[in-house]
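Quick one: the structure is below, questions incoming.
Order of writing sets the chain letters: A, B, C, D, E, F, G and H. Residues in each chain are counted from 1.
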Amino acid sequence: MKKNFELQLSGSGGQGVILAAIILADAAIAQGLNAVQTQSYGPEARGGASKSEVIISSEEIYFPKVRKADILLALTQNSYDKYVDFLDENGILIVDDHVKVDEDLPNKVYNLPILNSAFDKFGTRMVANIISVGAIYALLGENVIDKNIMLRSITERVPPVTVEKNIAAFNEGIKLIRG
Amino acid sequence: MKKNFELQLSGSGGQGVILAAIILADAAIAQGLNAVQTQSYGPEARGGASKSEVIISSEEIYFPKVRKADILLALTQNSYDKYVDFLDENGILIVDDHVKVDEDLPNKVYNLPILNSAFDKFGTRMVANIISVGAIYALLGENVIDKNIMLRSITERVPPVTVEKNIAAFNEGIKLIRG
Amino acid sequence: MSNKKYKLLQGNEACVEGALAAGMRFFAGYPITPSTEIAEISSQRLPLIGGKFIQMEDELASMAAIIGASLTGLKSMTATSGPGFSLMQENIGYAAITETPCVIVNVQRGGPSTGLPTSPAQGDVMQAKWGTHGDHPVVALTPNSVQETYEYTVKAFNIAEKYRTPVILLMDETVGHMREKMIIKDPSEIEVINRKKPNCKPIEYIAFKPDKDMVPPMAAFGEGYRYHVTGLVHDETGFPTNNNEVAENLIRRLVEKIEKNIEDFSYYEEYRLEDAEVVIVAYGGVSRSAKYAVDELRKKNIKAGMFRPITIWPFLEKQIREVGLRAKEIYVAEMNLGQYFLEVERVAGKYCSVKKINKVNGELMTPDEIINSIGGNI
Amino acid sequence: MSNKKYKLLQGNEACVEGALAAGMRFFAGYPITPSTEIAEISSQRLPLIGGKFIQMEDELASMAAIIGASLTGLKSMTATSGPGFSLMQENIGYAAITETPCVIVNVQRGGPSTGLPTSPAQGDVMQAKWGTHGDHPVVALTPNSVQETYEYTVKAFNIAEKYRTPVILLMDETVGHMREKMIIKDPSEIEVINRKKPNCKPIEYIAFKPDKDMVPPMAAFGEGYRYHVTGLVHDETGFPTNNNEVAENLIRRLVEKIEKNIEDFSYYEEYRLEDAEVVIVAYGGVSRSAKYAVDELRKKNIKAGMFRPITIWPFLEKQIREVGLRAKEIYVAEMNLGQYFLEVERVAGKYCSVKKINKVNGELMTPDEIINSIGGNI
Amino acid sequence: MADKALHLNKKWCKGCGVCVGFCPKQVLKIEDNKCVIAYPEKCIHCGQCELRCPDNAIYIGGRSDEQ
Amino acid sequence: MADKALHLNKKWCKGCGVCVGFCPKQVLKIEDNKCVIAYPEKCIHCGQCELRCPDNAIYIGGRSDEQ
Amino acid sequence: MNCNSTTKNYYRTEKLPHIWCPGCGHGTLLNAVVRAIEKLGLNKDEVVVVSGIGCSSRAPGYLDFNTLHTTHGRALAFATGIKFANPKLHVIVIMGDGDSSAIGGNHLIHAARRNIDLTTIVFNNNIYGMTGGQYSPTTPYGDFATTSAYGNIEKPFDLCSLAQGAGSTYVGRGTAYHTRLMQNLVEKAIQNKGFSFVEGLSICPTYYGRKNKKGDAFEMHTFYKENCVDIKVAEKDPEKGKNKILIGEFHSCPKPEYTESYQVIIDRFQGMGV
Amino acid sequence: MNCNSTTKNYYRTEKLPHIWCPGCGHGTLLNAVVRAIEKLGLNKDEVVVVSGIGCSSRAPGYLDFNTLHTTHGRALAFATGIKFANPKLHVIVIMGDGDSSAIGGNHLIHAARRNIDLTTIVFNNNIYGMTGGQYSPTTPYGDFATTSAYGNIEKPFDLCSLAQGAGSTYVGRGTAYHTRLMQNLVEKAIQNKGFSFVEGLSICPTYYGRKNKKGDAFEMHTFYKENCVDIKVAEKDPEKGKNKILIGEFHSCPKPEYTESYQVIIDRFQGMGV
């Protein structure tokens, strides 16, 4: 595997990108890797754009913040606008499909119906974050984190009554990437 | 005159040795000299021995505390015991006559009936401090501070209704020394 | 496959884990960003083990309550950030003069005043030492990772108990809010130190008479040793005095019991220092960037190294002197306008050049910023 | 015969006289030994000239009230001692970040905690600089006589008004309670500086946009300039921001407007320094003993001199460096365990040996103690 | 009443739904996290929405206010 | 009552006069800033003085307490 | 500007929307306060709005007056300095329940005791909103918060009784639902020459609501609608007040005001003495 | 030891005489407190006496219990930590009027609100004694002090109402003159499981007395003797209470105590969770 993955997950406050990042970091650790998860706090976290970061690495992680994202998730226009500059030139962008992406963006872009899938297939936008986790997981590839570990991490971190729905959402996210 | 006089006035809290020191310092300044007055604060000032100091000098006074007293006034046994060591070997001691003075004390000692005079002649122990001022003034001598300046200083610092009584007390103090 | 001994924890959570491992049984606090999670988690965890949590009306009261609880025998802690730390200062001095063990966590945020409540900063370093009036002893530790937060919270309690003194765990928002993998140790692996109790009869107990180690044994209220505690200068019996010699001895002993025992808790990390000509001095969150910068600078053939104080107070005078003697240049990198720098310059300035790298914009200092500051100079 | 322009005044009284001469019209305070007379006399004098005195419920409130009054246009002051000074720290930081002129008098007594309430000490020197959280500007002045207390209280107000910053008058019990002769000057002889007002229309007023001197003009509440004041990091309009660059600029400007203008208020006394090989650095009450000691040492053929900072913060780096370059030895004599010493050592330690003479027993350091400490070394 | 009209400032609206709940005539609904004036014709200009909107985002103004 | 006696601790007495004021039998007086039991024989051991002395300096004890 | 005229005239519209969460009752209460000021026709230059720290305390920043956002709990002490320095100003203090009665409780009782002419308005949402939902001195017994996961064991203050007991000369309570009442109380509070205290029961759907299953903002409004009874009604028919939250004007009893009493001293002694 | 047996058994006699001025009411009140403890036969090892800073707050130093002299105004916050850490202890807090209600007002109302089992006793001499006679929050309107040379314009707190309003479950007032009553109130206060508040009107001849021409200590006692009426008497015959100082037991109404409520949580959840 690549030594180091820097992931940035963004959306509006309440969309659960922090939990998504925690699940990813948790799984990475269970996998025996190192991971550091951070997030933006403050008034922004309430209403405005919310950002959460994970660095996954096989080595010790010193600097805990993402400098250039290998993967950027943006669930809202606002968060895309605010954070797109953090994307590495070789990085991958995942956006919800209602987000307008700059045409000249050189990156690989996944334009996924995350919010709509959540609503249409699961009846609640609340699972958009876990769908996103699925998509990110799919892009990282099996050889970074084991799927079972991912599933356990989700199971441990979401409210017990929602486990099933969230696991389905996770699989939905994988499907959005792998088709 | 001698360049420098270090005076220490002690008694119990409430005997007014601080006011006495202020009056002396005030007069010294009016005389065109330098003076620094300090006092002990704190729980002692309430009940225990109370101490007040004046340094009078024709030069600038740096260190504001008495190191060796040229004159020590002690109105109580307690204050005598506590402060006698501050007396310069050539210093003069003034004590109220009920205070027992060490027999081997090498200093010139004035054993004056200050408290009794106050009570007997003025009906109140409250003027003992001004009697003491009179005694100290007398020992310093006319050439240090002018008598009129002393009187004005007393007049300005004691409660208006007690001016007359206090001036009489001052004169009584002078008499105790000069006879 | 899965590695069960590792957990993903936030720095603030790790602090509570460490405190509980060290024996904390009392927490009093008042919420404030970015330290609030410490109170929240304590409130949830303590009753489960018979411990006590109380949310006080403000930080003055929180500090007072932990002193009261500690005097009554419980290991006690509070946690706060800048504004609350300022409010605790008077009673921190009280803990120092009464020799009451306690741990005060300050998760630093941007100051002064309300400042930047959710941003990382290291602006309270000098305040940790000088925030309360009068000369007083101070121990302050600055962890730089979640794991260290756990470990050094334990050590903070140990130092507090051993030396009967308030200990400050000086975190920063970066470390407090970061999640990282952490090993929760088995209780048997953790050294826990408890305060020394009197082993004399109550009648013989002289509450503030120090042993040879300069620390007096401590009885808890209710154990039969009836004694007096005051924030006034006091003699060995604990009663107020104005005796000048006794006063001088007390103040000096309080400070010396810490400074003379500094070897006992001189914690620091040396990174690639052996042959280093350029030494970055950094602590807390910034030290993570500094370590990265060292590696990068080495790649550019600059003989860089890092000295990282974990014990930030008392000042590691001996170690910094040695660094100064060996290095050509020291860069003190801090998220303030140059606080620890002053002490480094004082001690090492005679031997080498000491420069500062500062940032107070509310973002963690990056490796690049450190590299560029140094590069610009080389 | 009698010299009418002299008066016998206590240091604390002189402070009030100076404040009134400087234009103080508001005082909020809470009694505490040894500063209480400042409140008492203010309470008696202020209404006589239409000014306002209020005794607040505590020191936190006193500090808050003077900031409120200053924002409303009145020159404002409070006075306290150690414990109260600790309690004021949070709001002192607020005054700094909101650039509200005000004067805080701290008549130092023995610490830490309740300590020695009626005894002289100089233990709050570092606290005056570092007492509040976060980086912040500080100006602190230390008079050493009744006359100077008067003069430097005026200057404290002038600096506060000119630079829109809190200024600390750092007295000590010796100076505060001592009575000495003093000249009360004619108002015409006293330079009084008032804060700079905006001369634009309210609509054009950008409340925290600095002029070239780094200081923004200041409108009072009620004058028609409706603006916002906050203790959060804010932009030039006064509204909160998380913009990193703006944040960095604000914090740096606050500190630099003081440090870059230090020449404007670098007050100090040099005594017999010309050819001095042994220099005593001392301030406040102790400097009086030091001066005496210099004369005595000279009599013993020791080339002694004294450098006395009156502006104690910001640190007189330039002057101390020069002293260091010329002296063989510097002795920093203080009634604490060596606080100002740290800064002197930092700056002069490269050039000469810097030693400390300390005393924390509640009594004024005597000339003999200084002489003996130096004599013992020579 | 003819010269009155209901206005919505979408930029300020946070879609809390308070106005929707209080409207006696079901004029309003939430769509995409914002209030929408779904049936302006049913509005009786009672002002309930304006009175309780925490965000000053909905109000009754003159028709001329319409942009 | 025969085995009771009035005691005074001169060291502690500060001569405030409170006991003197409250004594119903004029047993006490102040001399040289200290309380003096001037007329012990008049004392009825009512305890008023002991009850109000701020300094625990005057009290009724057994005769054996006398030193 | 796409807003009503009150908003246009009294808000700093360029700062809107405010940072409060969707449905937060603070916005509704603030509107009531602003309408009261509008109704009284106060000169904007002579109004100072002061706050401490908290969600509620962000209010002044949105208002076009002289505004001061101070330190946590200290708003009334700052306001005391302002009012005393220039008694002509109308000084209105907006605080949260935590700000006013936890850390700021002492300043509250002392400002009330002095009867200094400040109009104090507390947006009481029974929680510390800004720091994420810890219990406050007004969180009901048994309720949940991030620091009372097992149910709150502290008894809540009745802020109005506390303020009245300490000396306030005008006291009343409204809610985010009872906006007209709220406006009315604030109007009278401003007119009272002395220390006035108005509690506005607010709504924090984000923390208090969520933790205690109170539903969304609208449901929380409905709760106030259904569970509040005006003191006048309850006084006439105590049955109606049973187990209800009392609202309305509780106390109005003018007494000598602090800055006026001080002015009497100045008038008598100014020019005397040294 | 030349003193009565109560003094011998409960005082640190080697520390006497205390630092209080001749005639200071604090000494008399303290004796009443000690007699109450003696009467209840409390185990000295289980009694903690806590104070702040002030003349009154010097009291613990003279008593043979676990004693703690804290910082100004904070005694109740320290005491809360003590009591909560070991609920078996009897924690008695002695403060002055300034200590308890000026700088310490917030801790007073919060300790009362929590109904934590502390016995709070205020020696109220209507002045700051220790610092030399400044007015306090209980100095009567119009009275003189070093900071109210023109007469005090602040309205005094009624400390008992304040404490009761904040939640104390036992409240009473005695005086230095009414020592038996004082003893009785303290006894009951200690027995009340919850926050108890007893005000003892004290006497400061040195400052309050002198500044306000109240005569010597005996005259000040006499004033209390002549101007206090027991609440029971006043309730029966309001005429008798007119313009008088009310004393006696004002309020006794036990409620769930804080440390006991917390113990319920521990008992329920201990051992659960991680």
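Assume a contact is a pair of C-beta atoms (placed from the backbone, for glycine too) under 8 Å apart; a residue touches a chain by one contact, two chains touch by 3 or more.
Worth saying up front: this structure is predicted, and the values here are computed from it rather than measured.
Any chain touching chain E that also touches chain G would appear here, but none does.
The most distant chain from chain C is F, comparing centres defined as mean Cα coordinates. Note: centroid distance chain A to chain D, computed from Cα atoms, is 54 Å. With centres set at the average Cα position, the gap from chain C to chain H is 38 Å. Centre-to-centre spacing of chain A and chain H amounts to 61 Å, using the average Cα coordinate of each chain.
Counting partner chains per residue, chain D shows two or more touched chains at residues 33, 44, 47, 57-58, 60, 83, 90, 94, 113-114, 117, 119, 230-232, 242. For chain E, the set of residues touching two or more other chains reads 14. The multi-chain contact residues of chain A, meaning those touching 2 or more other chains, are 42-43, 47. Every residue of chain H that touches chain G in the complex is listed here, in rising order: 102-106, 109-110, 113-115, 137, 150-151, 153-157, 161-162, 165-167, 255-256, 258, 261-262, 264-265, 268-269. On the chain D side of its complex with chain C, the touching residues are 60, 82-83, 85-87, 89-90, 93-94, 96-98, 108, 110-117, 119, 121, 123-124, 126-127, 129-136, 230-233, 242, 244-245, 247-248, 251-252, 255, 336-337, 339, 342-343, 345-346, 349-350, 359-363. Those residues of chain D that touch chain G in the complex are listed here as 26, 28, 44-45, 47-50, 52, 54, 56-58, 60-62, 64-74, 76, 90-91, 94, 220-224, 226-232, 239-240. Residue ranges of chain E in contact with chain G, taken from their complex: 7, 9, 11-18, 20-22, 50-57, 59-61, 65, 67. Within the complex formed with chain D, the residues of chain G that make contact are 12, 15, 44-46, 48, 50, 53, 60-61, 64-71, 74, 77-82, 84-86, 88-89, 106-107, 110, 262, 265-266, 269-274.
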